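In the two complexes that follow, subunit A is the common piece, with subunit B as its partner first and subunit C second.
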Partner chain A sequence: MTSAIITGITVGLLYGLMGFAIVALFKMTGVANFAAGTTATLGATLALKLSDQANLNALAASALAILLTAGAGLMAYLLVMRVRDDVDHLSLTVRTVGLFLLGQALLEIWLGQGQPFAFGSVLPDISTTAAGLAIPSSTLWFPLVAVAVIGAFGLIFSHTRIGLLMRGLAADADTAGLLGARTRLLAAVAWSLSSGLAAVVGILAAPSRLISSDMMTSWLLYVFAGVVIGGMTSLAGAVIGGVGVGLVQGVTYQLASDEVALLAVFAVFLLTLLVRPHGLFGAMVGERL
Partner chain B sequence: MSAKHIGRAHGSVWPACLVVMVALALAGLLPLGPSLLFLVATGMAWAVAAVGLDAFSGYLGQPSFGHAAFIGAGAYGSTILAGRLHWSLPVAMLGAVVAVAGLSALIGSVLLRLKEFGLVLGTFFLTFVSTSLLSGTLLAEWTGAASGLQTPQLVLAGSINLSDGVAYYYTCWAVLAIVALMSAALVDATPGRLLRLVKRSDAVARSLAVNPDRVRLATFVWSATLAAGAGCLISLGAGYISPENFGVQASIMLFAMVAVGGLGSIAGPVVGAVALTALPSQLQFAQTGQQVLFASLLLIVFVAGRGGLYGAANSLIHQFGLGLRWTRLASRRPALSGAEDIDIITGDAAAPAGLDVEGVSLSYGGVHALKGVTFSVEPGSVHALVGPNGAGKTSLLNCVSGLESPQSGSISLNNRGGPESDGRCTLHRTFQHQALVPDLTVLENVALGLYRDRGRLRRDRSGAKIVPARARAALIAVGVPPARHHLAGSELSMAESKLVDLARGLVGSPAVLVLDEPTAGLSAEEMGTISDVITHLNRRSGLTILVVSHHVGWIRTVTHRATVLVAGKVLADGTTEDVLASEETRRAFLGEVPDGVAS
Partner chain C sequence: MNAPGTSRWLGATALLLAGSLLVAGCSTTTSTGLGAGSGSAMAGVSQTEIRLGMSNALSGPVAAVCLPASEGAKAWLAKVNDEGGVHGRKVTVDVLDDGYEAPRAAANVRDLTHKGIFAMFGGCGTVSAAAISTALKGSGVPYLFPYAALPDLVEPVQPNVFSLLPLYRDQIFTAIDHLVTKAPGTVYTVTSQIPGYESTVSGAEAGVKSAGGTLLSSALLPATNAPAEQEAAKAGQHNVDYLAMTVLAPDAARMLNGMAKSHDLPAKAILSSAPLAAQSFAAALSPEAAQLLKTLSPTVPPSDPAAQECVDALRKHSPDTKPDALALFGCAGAQVLVAALQAAGDEPTRSKLTGALEEMHGAQVSSLLPTVSFNAEDHVGLDSMFLLTLDSAQQYTVEATVPLQTAP
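And then the complex of A and B:
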């Protein structure tokens, strides 16, 4: 049981990290990115191909893969999201569903035969034993990575000019635009950063998930569940929601099965929103009459 | 009210539906070959679900990626009832559809409490859960898990096999024809209008006595029921069903059918469903190449074509000058009777009523918007509510019109001094910001103001004719000429939409009419029109009017009494002359908060 809890929290941290990427993008652009899971798969696939075919070492391949995925996110923004972007946010969100389908189809062709592929951990093995419990390497690494990534974003948000503009955009995109913030440029930066972060999650998840075109499809569901439970607009809420979902899923999986775990997360998702319609940390948005 | 929703929903879609259904009926006579005939038939089965989803996504404005779950429930339900429990197939189908309707009411009452994006995710989740249940071990005994189920065939009179060939084609066609034409008729009737009203704004809907949650639930159940019916039809012809037929991809596909065809057009989704089902197999590509092509096409439609195929066809028709005849065909309307003016409205007015506001307090979290507000509006008077920005005027109107419940105090309508009321003691309001439904015509917008009187109008024999006549009279009374009555709500200027909102407020002959900033943004001439309407209504029928305005000169000419609200408290109350002349009021308007008022 203890190991199920540990595994749940470990996986939950990755959900939370990806949720962080989704919420950051949502706050700045109003778009909930359904292609985020596909982006993470792209990151893992790039890392695999770069280390296998270009003979790069794992760490260098991963770093390059993260950069390339950020570039792909930028392209997705420029080619799909930026075109005719004067429509409502729901229509823009529907476009990301199209991106999801296209990405899945392309990855299926690219990965081709022999899926799923094994992919070793990029990070050095630091697994240990404490109080008779084997603690896997990832359980120690993921919190460190999460703290480092979230800390880095925190520093960017609070200490740089572009971070200030991003916070302005997140707080009130219309007003930020009227005050001269270049909202499209910021949205492009947000898409790149969010995609790069999704790639980080894909690479970290690859050793346990194995790499295939649909490795992140069911994850996307859990990540979004965490995001909505956390309140959709709260970065901290996304991380806490993700960890919570990972915990519920890990424990129910241990006790019953994958199927029951999905039902349990769905039940938690519905119950949370029945009690708190705007999530645990979400802001109430009123209507101007 | 900045709520924006996907697409624009269309009225008067029945001519297009008729054309499409006739075309599909004729297509069955062409030598299509058995495989294409079957694909078009299956496409029509999917179209039944697409038409249902169009109500939910196009007319109500809520995307869903969960409706394949209901198609699956219909397909599996009818197959299991017929195959395992040995019900006759038609009864099994009916049973499955009824069961799904009940199930969707249950699911909807929980899921619909989520809004916009939360609901998109909730429906997405629903498909995952249903696929997991269909393919997993929990229900494997019934569903056959990943290996799926054989579906039964329906043979009539020993020889007509409805599961195959031309008979299957026309079975699907008949069901779709009923569903599509019925939907097209509903679009132009009250239910279809209520959908577009709720899509616009919950608050505006509530102010017109429409319960938005019930509209949403009813639409969700309607769309799920049609999806289940589609599932029955699909399983009728499929021979074999398996979980991946009804998974996430299928849910996205169903939404794509609606979007490609044109959200909010009924006829469009029918074409979209048939095209997306039949075309891919006609393109000679490898399976994976087909998926890339399909996803790219979909993305192009999502980015470029807001109106989908229906929108494209519509603008083509207009380009060739056929538009006029087309719309004329679509909306036959009775000619103006000539005797319409404001007396139609005032002739049937409710007994004049007053309004008592007693110690009303309202706070949002730590912000105290109203602090024990007490004042009375005399029956038959025109009463101004004035005060600087943030004084709590709109909050007070929200309490008075029942959109918000004050934490303490009471608000009551009374008709002391008037004759016994006929049980009708109603209050209507208008809004400070644009509050028309953009997808409805001006006339339809005003007719919504009579929704709360539907029971009374139905008892009246000529009720059905009265609604458009009264709506036209109300519009003419506020100075909107007949030439403008059939424009869409989105095509009006700010000034005109305020006039239309006013017409919608007075069309139901309320006992009290509440106007929030009817003059903001209007020219002097337009303000004059509004004062004429208000004065005339008040003199003719003694209608009580409570009005918020910033134009002091206008208030002086129109209103009898005034209440000054500052920082959530009543500062002055009395005749308009006295109140506007008082030193306190002038100080408040110059921005100083008098001693003793600030908290």
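And then the complex of A and C:
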């Protein structure tokens, strides 16, 4: 059971980081990005290709891949989301489903024969043994990465001008626009940041998931479950929700089966929404009538 | 006014003409329809060409896995054609994409049979194979050597369907019985839920019993979106001696790498049926798991000298295709097909072709395969398979040739 808990936390932290990227974008643009998993796969694929074909070491390839994926996020915004963006958020969210499907098809062609591909960890091996139990390196690294990412985003939001503008945009986009905030520029930055973070998740997941066009597909359902349980507007809630989902999935899988694990996760999901409609940490939005 | 005799003659002539037109009409319909096979044995055969059809996943989720199967077959047939063909006829294959979707595979069968093919050949995947077999049922069009170990294809024997790949049920039974008997221990079996998986699970369980091992658990993995990390944790807690797998290669790699990370790999060996005999799988596998792997394979690995001719054909005719397991299987299928066409004589018919196949007994018709045997009661061609291990460079090598056993 201990190994199931360790696996649950390790996988759950990646669900949480992916959820963090989704919630960060949602808070700033109102769009739930269903293409986040594809973006993560793009990041991992770029790291693989840069490492294999440009002979960069894994760390340099990963750093460059994160920047390139952030650029790809910017292009996705400019070419798909920015065009005719005077529609409601639901229409824009549906566009991300299109991005997801298009991205999957393109990655399938690009990765081609021989999938899945191995990609080693970019983080040093710090695996250890405690009480006779092997603790994988990823289990020790991922919490540190999660804290670093949350801390970095926290600093951006609280100590930079663009971060403050983004918070304004997140709180009330219309008013922020009326007050002179360049909302489209901020949205472009948000898409870049969110895509870069998704690439980080893809690269962290690659050693265990292996790189293939569908490497993140099975995660998407659990990531969104974690996001909704944590609260669509809470960055910390996304991470906590992801870890919770990972734990429930891991433990119930160990005790029963995959079907029961899925059932358990979505029972928790439904229960959370019944008790707290905005998620565990989500803010209730009120409107003056 | 005509005489009464003349009227009767005219009436009879009219009836004869009408009857002839009706027969001609029916013939035209059947010669272009799916029923053409039984009525027109020479469909797809001209003085210069034998035309085959293939439905394969050239796009979609399994394209990367399945595409090499058709490329391998085409490469070998191109080599044969360069050398003059079979009895002076070029052997051509019309390959259509089914995207690993049953309705598209069935539609491809209709298209190809309407065009007039001699036989359906090759392809990859149980979902497509089941659809193709169903679409061809009763047509008499031979369906030869798909990469699918589907019980419904060969049990009971269908006169027009021939398979090279033994059922996963028998593969995993044989792997367990062959290896666990030598050093009995605890066994944990994992099976992907692909069509026919129930018989694979029962084959694995029967193998453990036959080998004198102790079955700890039989786990199932969904065929898509398998929670490999979670299954790694679950399997790892059992501290097993053997892990017996009939699992799709990407999920198997994820699971085994997860177990390696937690130092939870089986103590003695990882036993597998053919899906794990792919070099792309070996490249993705952790070294700790690689040194425990023992997998059955229908073909020798690409590095084996016996594969050289096929590897050369691939390099020449399909240079972008890596000579991996599926490419070699496609190549091997083409070699068996060419041998059967040669045996069918210079005026091949479908019945001569299937007859020639049923006459193959212990035939060494492909350097890639063990001997091939078919008969009227058994349309699975391989009676043995190669047992492969991975060397220190994670390249497959042949450890033994293992006779296939039929699971009870």
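Quick notes on this structure:
As a convention for this text, the second predicted complex is superposed on the first by the 285 of 289 C-alpha atoms of A that agree within 3 Å, B and C clash if a C-alpha of one lies under 4 Å from a C-alpha of the other, contacts with A are read in each partner's own complex, and residues count from 1 in each chain.
One rule holds in what follows: a contact is a pair of C-beta atoms (placed from the backbone, for glycine too) under 8 Å apart; a residue touches a chain by one contact, two chains touch by 3 or more.
Here the structure is a predicted model, which is why all the values come from computation and not from measurement.
Of the two partner chains placed by superposition, subunit B and subunit C are both touched by A:Ser218. In the superposition on chain A, A:Asn57 makes contact with neither subunit B nor subunit C. Once the two complexes are laid over each other on the shared chain, residue contacts for A:Leu90 go to subunit B alone; subunit C is not touched. Within the superposed three-chain model, A:Gln115 lies in touch with subunit C and out of touch with subunit B [touch as defined at top]. By the document's definition of touching, of the two partners only subunit B reaches A:Phe269; subunit C does not. Contact with subunit B, but none with subunit C, is seen for A:Ala32 once the two complexes are overlaid on the shared chain. Looking at the shared chain after the overlay, A:Pro277 reaches subunit B, while subunit C stays out of its contact range. When both complexes are overlaid on chain A, the residue A:Leu101 reaches subunit B alone and has no touch with subunit C. Legend: residue contacts after superposition of the two complexes on their common chain; A:Tyr253 is shown touching subunit C, with no touch to subunit B. Overlap of the subunit B and subunit C interfaces on subunit A: residues 108, 217-218, 257-258.
In the complex of the two chains, the subunit B residues touching subunit A come out as 1-7, 61, 63, 65, 110-111, 113-118, 120-122, 124-125, 128-129, 132-133, 136-138, 201-203, 248-249, 252, 255, 259, 288-289, 291-292, 294-296, 298-299, 302-304, 306, 364, 394, 398, 403, 431-433, 516. On the side of subunit A, the complex with subunit B involves touching residues 32, 80, 83-84, 87-91, 93-95, 97-99, 101-102, 104-106, 108-109, 217-218, 221, 224-225, 228, 232, 257-260, 262-263, 266, 269-270, 273-274, 277, 286-289.
Listing the residues of subunit C that touch subunit A in their complex gives 59-61, 63-65, 67-68, 220-222, 224-227, 229-234, 236-237, 250, 253-254, 257-258, 261-264, 280, 283-285, 321-322, 324. Looking at the complex, you find that subunit A touches subunit C at residues 1, 3-4, 6-8, 10-11, 108, 111-118, 127, 129, 134, 136-138, 207-210, 212-214, 217-218, 249-250, 253-254, 257-258, 261.
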